[in-house]
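Following: one structure in structure tokens, then a few remarks.
Think of it as A, B, C and D in the order they're written, each chain with its own count starting at 1.
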Amino acid sequence: MPPTRVPSSPAAVLGPAAVQETREMFYAEALNDALRLEMQRDPRVIVLGEDIAEHGGAFQVTAGLLAEFGPDRIRQTPISEIGLVGTAVGAALTGLRPVAELMYIDFSGLAIDQIVNQAAQNRFMFGGQARVPLVVRTQGGSGRGNAAQHSKSLEAWFTHVAGLKVVMPSTPADAKGLLAAAIRDDDPVMFIEHKLLYRTKGAVPTGEHLVPLGRADVKREGTDVTIVTWSRDVLLSLEAAAKLADLGIAAEVVDVRSLVPLDKEKILSSVRKTRRCLVVHEAIKRGGYGAEIAAIVAEEAFDDLDAPPRRLAGVDTPIPYAQPLELGVVPQVADIVKAARELVAG
Amino acid sequence: MPPTRVPSSPAAVLGPAAVQETREMFYAEALNDALRLEMQRDPRVIVLGEDIAEHGGAFQVTAGLLAEFGPDRIRQTPISEIGLVGTAVGAALTGLRPVAELMYIDFSGLAIDQIVNQAAQNRFMFGGQARVPLVVRTQGGSGRGNAAQHSKSLEAWFTHVAGLKVVMPSTPADAKGLLAAAIRDDDPVMFIEHKLLYRTKGAVPTGEHLVPLGRADVKREGTDVTIVTWSRDVLLSLEAAAKLADLGIAAEVVDVRSLVPLDKEKILSSVRKTRRCLVVHEAIKRGGYGAEIAAIVAEEAFDDLDAPPRRLAGVDTPIPYAQPLELGVVPQVADIVKAARELVAG
Amino acid sequence: MDKQTALHLYRVMRTIRRFEQRSTTLFGENKIWGTIHSYAGEEAIAAGVCEHLRDDDWITSTHRGHGHCIAKRAELGKMFAELLGRETGYCRGRGGSMHIADTSKGNLGANGIVGGGIPIATGAALTAKQLGTDQVAVSFFGDGAANQGTFHESLNIAAIWKLPVIYVCENNQYAESFPAKKAFAIEDISVRAAGYGMPGVRVDGRDVAAVYAAASEAIARARKGGGPTLLVCESYRHEGHYYGDPRKYQTKEEIEGWKTAFDPLLDARGWIVRDGLGTEAELDAIDRAVDDEMERAVAWAEAGPPASPLKFPEDIYASY
Amino acid sequence: MDKQTALHLYRVMRTIRRFEQRSTTLFGENKIWGTIHSYAGEEAIAAGVCEHLRDDDWITSTHRGHGHCIAKRAELGKMFAELLGRETGYCRGRGGSMHIADTSKGNLGANGIVGGGIPIATGAALTAKQLGTDQVAVSFFGDGAANQGTFHESLNIAAIWKLPVIYVCENNQYAESFPAKKAFAIEDISVRAAGYGMPGVRVDGRDVAAVYAAASEAIARARKGGGPTLLVCESYRHEGHYYGDPRKYQTKEEIEGWKTAFDPLLDARGWIVRDGLGTEAELDAIDRAVDDEMERAVAWAEAGPPASPLKFPEDIYASY
């Protein structure tokens, strides 16, 4: 069931009367704000994870929450990924609304059995007896010299799991609104941040702010080519779009935001307009979620296309340590510009 | 680097002088034969897994090996998936050539950290110091009423990992030849069988038989539509092709065999010939490897296509228990016939 | 133990035994799809533990889950209906034998992943602690599961947080074909408890009174905030690992020897009569009542409609 | 202990300490990318254990791996070159601090996955057993890693197969910001060994002689086919978890108190001089020699060429 079409700005969601105050926040701060507000609103919301208490989380997303909510609700765990996620699954099944943090998505393999076999399949397998209001927050991506075991982009794994939702916000406002929505959602949600986004800034509504799952967002309008992307690559694509504008190419940037459910309609309608589609993501190309989107576009908008749908993605390699190599294996702004130009020319 | 083009029949690989005797074997027997021959040939080959000793493996693939090679080489392990796979990784790094069995691919999540972060990335991460000649044998798929935790098709996860190879044989002969090749390979290989194939039969060379990784195989030639598929769906597609022939449609069936490395050239040249591409797989459609193939075809053969590349795949749901429901969520012969007809008509 | 409890424990065990016999027959008649794992021989564990549990206490179960389900007071008809793939089954035919849950009675579900239920029970216990209730959670699992990472991580978490959870390890001497003697270099699994800082108790899993007593203490401690316990019950499964298991890893003598020596039902009949808690006639009457109940349940299940077609997304997502 | 061993142990420890100081400086100069984790304060463990290892014995290490690497006789220049992202580094700049291996000396590699190396060492020990050699494997890991499933599953496997592996748990009291006091409900991690049926030993990880003695026994037993040991070394890390850690979870007093009370280098100087195994002057000379060697290594590393561009598939696959 495709989501109902509703405009995606917060004001529009809340209705014109509720236009909200905003404040410049870092992405990490916006996430923190969402956690705080949801924890204030609902005592069943708890956070579990490693290093989330005094230290405030590896990326400071839980900073200050221990002081406000105490150690019972900010539950620091031993280094036991499957234990902590499985504990969160059990808690979700029995009345809490846990947010479990996996410090790096690279460690998610240690916990994936509980995410997939237990959380995601629970509703189906048991005939709908229970709900699993669980959020697994994690972060991925390269760019900090953390090398092959701390830099992967693994969203594709989770999109390929029936019963999971997968969300990847690109801006502070979306981060806040989507996290709040994920926490209120009754299904298990993989909420994937990007380590290079935490220190990016943007205007964020200060009060309650919800961005419904399942809605893409056109972050820039254009007519010549559609760039479909998510997470940090939205920022790079917007930079690329600005450069492309100088070259006379009007790129439309569609921020998928929620990979599952996917807002297919918004992607397809943009592609039908521009007649060209470039999918950009940081994860390695082979088996990446870009393939899913390119395949959908090819399948459903074939006759509307003036050029083959094209993917620009990470090189099929583990992430290297040395900075020049690291930068070389994932798409950069110049690569996006080049790919879009070729697509428009081709 | 695409693999060199070499004809794929065993006789052709070994040269005309070496045409081999064959014998009808079950798929499970053919695998057993490969293990036996490789263990006889190389004392460094050992097998680790659950239930593989006296019981002969959940699907009898290791039957008789305990008697022949003893408990030191047929190492039955406790139910400790990450422990057994990690032990195999360490053994592979230090001079053995282990074959680790994961009884169901559904359990692979428990061990995936060792497969991905340790085995697959080792060579790259450590600058090429070591080799990891590890085979992880497992099986997936639905069709036996084993429900949601014993029926998944998860190959897409492993294709999305840099450093892994992924093999999925459809016939007894390929099963034997690919397993032998995987064991001799110096990279970690995910070797994925299908539970409904074990009791299928076919002619298998009785002696040494190697099918190189990275080569697709045209299992049936045709001119009207290319069906790209792997594992059990090759059999269903061949059945469908026979039915399609009755309807006057000549379908070519390309058995991918090795998902990584992928024989892109053979797929593309078939598609360029038939101008129509249907990808068929049992795994759920969203994020499946069919998307990768459809995206490649769309990207690289766009102008040669008379119709959009199309995917026929599992419904995006966990596998249900009740048999009618179970049959309904994965492609059946009739579905393939229907999809191919629509594609040719469309 | 009072008479009522003794007879009730016997009845629960007898119900489990009969359920396993009946589902084995149905399987032989090709009415059940997939696999079933018989709990025959281990009845005293589920019965003795669950006797102390309220409907709002939680359990997590295993692939060998029928016994836990019955002891936690599930409806037999809905269980059979699930095995038969009916819409009237606990999971509307979507789950089958390895995935029966009954959340109305606190049964969070059987589990096809060995060790998969252990952290889930831990999480249920966290809910109880967090909400300040006196509910407890029990995780049933096998000797095989005690070698899974989930066992280790969960027991440690429960110990440091003093969660109200009881880890019941059913050592039936085998994990599929692998004997516990080979899978462990220790003889007594309960010694592992010391490594987490929780009490470890080992009991004869044939003796329902012993299980009942040990569980009583552990559950009472958990309810009062005293934290988790590892309770290891030594047992034996009468049947193969699954229906049709050729049991190449066992000798006929071993099987027959254990089956006679190790039968919780015979055992219970013995002491119930000996201690004057019931007569042979009373026990026979229970047997007959159970058999009747079972036939009614099977008939009800067989009359149920087949599983309804899947609905996307409702079957899979609460919202989409 | 003889003089030569004592002075060598001191030298190894001093080399590790200096390496950490020097790489910290380089990090501060923005020459190192990513993260580094200092082993300062824990030197006695790597030094005392590896003194017994041959080049064909294996180790697996951790994110805090420089010390293990040095004690296993790695070349300092190639280590620095790796930190600096040079082609001359151990991993040709592909790995960085968290992924240094030196297979020529049996170092199977540092590991960014906490607990990730434990099964790998277990597998190396399996190789030794399978090939009938007297090689041993040592897995170094932290207190935090002892709560990972890999710890549990590996120790059990090693115990039932009597593998020649020593599990060295470096309890530096913290896993990132989480104190061991809270992460365990037990005070002595070595008691876990009993749950697997292997010897568990606890030593003062500040005292290199104590570590050396305990490791000697465990390694000798392993070489002779006596199976695995869990060796827990009580220790303290002088620095933060990583370079730049604000250490909000510790007080200044705690840190300063431990740093003075718990310094394996000072400790060793004390007993070496006291027992007449070396003079202050000899030890000072070692310090200077180490410092010189370090500067030469840094200079060599800085002169190396940058990491070469990636090559597909060779960098990733042995064949493709």
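The rule is simple: a residue touches a chain if its C-beta (ideal position, glycine included) is under 8 Å from a C-beta of that chain, and two chains touch if they have at least 3 such contacts.
Keep in mind the model is a prediction, meaning the values are calculated, not measured.
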Contact-pair count is greater, between B-D and A-D, for B-D
Whole-angstrom distance, CA centroid of subunit A to CA centroid of subunit D, is 37
CA centroids of subunit C and subunit D: separation to the nearest Å works out as 45
Per the C-alpha centroid definition, the whole-Å distance linking subunit A and subunit B comes out as 31
Distance between the CA centroids of subunit B and subunit D (whole Å) is 40
Two or more other chains are touched by the subunit D residues 91, 93-95, 99, 111-113, 116, 147-150, 152-153, 156, 160, 182-184, 312, 315-316
Each of the following residues of subunit B touches two or more other chains, namely 78, 80-83, 106-107, 110, 113, 117, 124-125, 147-149, 162-163, 316-318, 320
Contact graph of the chains (line, ring, star, complete, other): complete
Given the complex, residues on subunit A that touch subunit C span 1, 3, 46, 72-73, 75, 77-78, 80-96, 98, 113-114, 117-118, 122-131, 162-163, 165, 185-187, 214, 261
In their shared complex, subunit B is touched by residues of subunit C numbered 33-35, 82, 85-86, 91, 93-96, 98-99, 111-116, 144-145, 147-149, 175-178, 182-184, 246, 248-249, 306-307, 309-310, 312, 315-316
The residues of subunit C that touch subunit A in their complex are 58, 60, 89-95, 99-104, 108-109, 111-113, 116, 118-128, 130-131, 137, 149-150, 152-154, 156-157, 160-161, 312-320
Per the touch rule, the subunit A residues reaching subunit B in their complex are 82, 106-107, 109-110, 112-113, 115-117, 120-121, 124-125, 147-149, 154, 156-157, 159-160, 162-163, 260, 262, 283-284, 286-292, 294-295, 297-300, 302-303, 305, 307-311, 316-318, 320
Note: in the complex, subunit D contacts subunit C through residues 147-153, 156, 159-160, 182-186, 191-192, 194-198
